[in-house]
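Presented sequentially are two complexes of subunit A, the first with subunit B as partner and the second with subunit C.
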Partner chain A sequence: MAFQILLNFLLAFLWMIFESSFSINTFLIGYLLGLLILLIMRRFFNSRFYLWRVIAIVKLLLIFIKELFLSNLAVLKLVLRPKLNIRPGIFALQTKLESGWEITLLANLITLTPGTLVVKLSDDNQTLYIHAIDIQEVEDAIEGIKNSFEKAILEVSR
Partner chain B sequence: MNESAEVVAGAFIFIGTLICLISSVGLVRLPDVYTRSHAASKSSTLGVLAILIGTQLYFLISEGYFSIRLILGIIFVFLTAPVAAHVICRAAYRANVPLTETSAEDELKDYFESNKQELSKTEMKNE
Partner chain C sequence: MKTNDLILQTATKTVVFIILLFALHIFFAGHYYPGGGFVGGLLTSGAIVLLLLAFDVKTVKKSLPINYRLMIAVGLLFAIGTAVGSFLFNVPLLTHAFGYFTLPLLGKTSLHTAVLFDIGVYLCVVGATMTIIETIGVSE
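Right, the complex of A and B next:
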């Protein structure tokens, strides 16, 4: 991915030299033309066309912000409810992710989702132990959210 | 122009302080360390975020000054708050802080028990 971005920058600089005008506008036009060239030449690269990955990162960011707001609303509602009838608990979750930054990202996202908090990552990096604030009703829904997070992260790293 | 800036920024800052207040109420009301850190980590991040965005908007609209440091502050708060909550919870679990009586299940317990036995074995070998 980094190689493709670097190549795109080089193409943009080349365009600036061809035009012999060194302004931001020329750079942007050259960058867009370079993007088109990379799109046409994408079967010569080993990895995917990098724009899809950038789109996946933006999607992950949007999910992150949405979940942050939802989790805050959930916790606020829980705190302001007159009677606290919650059943906390700790459950285990298997993960397919392997490299360190992916697991860190997943743990951060889980911590910011409604009613869950990562307590421990097992030593073989395969199981996350998660503390849920209200275990009986949310567990299935949470599994669904995890799957969508895991999928979004895999989409970025693949 | 100036007044609208003050209204919008004031609304953001008010919501932020309200969220911070409610999260501190949560700190008092919830029963144990783990549920408390739910309230502390989530609500206070959103509260701080809203206050910083309000400040940013005020200076952007009234004085036309875009502060990149506030943006950096928001990013750092987002990156660090969940990690801090995770580390505090883990340290509490390590120190055998109990969960509340109403807790349903505890799958981490078995893992730690087996881990402890292995640890004591390796310590015996080292000695």
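Right, the complex of A and C next:
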């Protein structure tokens, strides 16, 4: 991915040299043309065409914003409830993710979802211990959310 | 009990660069806006302290092999150097000169010898802070 972005920048600079005008607009035109060339030549790289990955990152960002809104609404409902009938608890979650930044991203996203908080990461980086604010009703819904997050992160890193 | 610091370390690797860049911005903004050598130096040592918290003292010492006591000396030399420079032109001690120059990339910039003094302050602050923290951290 990094190599493709570097190549795209190099093509944009070459375009500026060919046009012999060094302005932002020329650079942008060169960048778009370089993107087109990379799209045509994408079979020659050993990783995916990097625009798909950029789209996946944008998708992850949108999921994150949506979850932030939902989590704050859920906490607001809990706070305004006259009777507090919740059952807090801690459960374990197995992850398929491996590299450090993926696990960090997943942990932070889980912490920002409604009613869950990452407490601890196991020593082999495979199990997250999560504190849930209401363990009886949320457990299944949470598993769904986690799967969607894990899928989105795998989309970015694959 | 040893805890798994993976999340803290990954976040640190990203955040340290932002703190260092902000420290440089504060340092260079010091002439016309709030900021300057002292705050910039404190922010820089704050970034190094974050590294010390996330990793071991040994790892940070290996990746940043800086002698902080020498840094204090160099900073003081910068400050004294600006003072000595005023003798050469027959003006009172610590008189600063400035002028406007057209530089490539930056355009019309005012260069001021007070920046050299500020670099001295910056190096002194980073050196002193890090010397204190390392001395306390290493002694068991």
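The rule is simple: the second predicted complex is superposed on the first by the 158 of 158 C-alpha atoms of A that agree within 3 Å, B and C clash if a C-alpha of one lies under 4 Å from a C-alpha of the other, contacts with A are read in each partner's own complex, and residues count from 1 in each chain.
Just so we're on the same page, a residue touches a chain if its C-beta (ideal position, glycine included) is under 8 Å from a C-beta of that chain, and two chains touch if they have at least 3 such contacts.
Note that this is a predicted model, so its numbers are computed, not measured.
Judged by the touch definition given at the top, the superposed model places A:Ala2 against neither subunit B nor subunit C.
Shared-chain residue A:Leu76: touches subunit B; no touch with subunit C. In the superposed model, A:Ile24 makes contact with neither subunit B nor subunit C.
Once chain A of one complex is fitted onto chain A of the other, the partner contacts of A:Arg87 are limited to subunit B, with no touch recorded for subunit C. By the document's definition of touching, of the two partners only subunit B reaches A:Leu68; subunit C does not. Once the two complexes are overlaid on the shared chain, A:Lys120 sits against subunit B and subunit C alike.
Touched residues of subunit A were counted for both subunit B and subunit C, and B has more of them. Using the contact criterion defined above for the overlaid structures, shared-chain residue A:Ile103 touches subunit C, although it does not reach subunit B. Shared-chain residue A:Ile135: touches subunit B; no touch with subunit C.
Across the two superposed structures, the residue set of subunit A contacted by subunit B and also by subunit C is 107-108, 118, 120, 122-123. Interface residues of subunit A, counted against subunit C in their complex, comprise 100-101, 103-104, 107-108, 118, 120-123, 125. Across the complex, subunit B is touched by residues 68-69, 71-72, 75-76, 78-80, 84, 86-92, 107-108, 111-112, 115, 117-120, 122-123, 127, 129, 131, 133, 135-136 of subunit A. Per the touch definition, subunit B reaches subunit A in the complex via residues 19, 22-23, 25-26, 29-32, 34-35, 37-39, 41-43, 45-46, 79, 82-83, 85-86, 89-90, 93, 99-100, 102-108, 111, 115.
Within the complex formed with subunit A, the subunit C residues making contact are 2-4, 6-7, 9-11.
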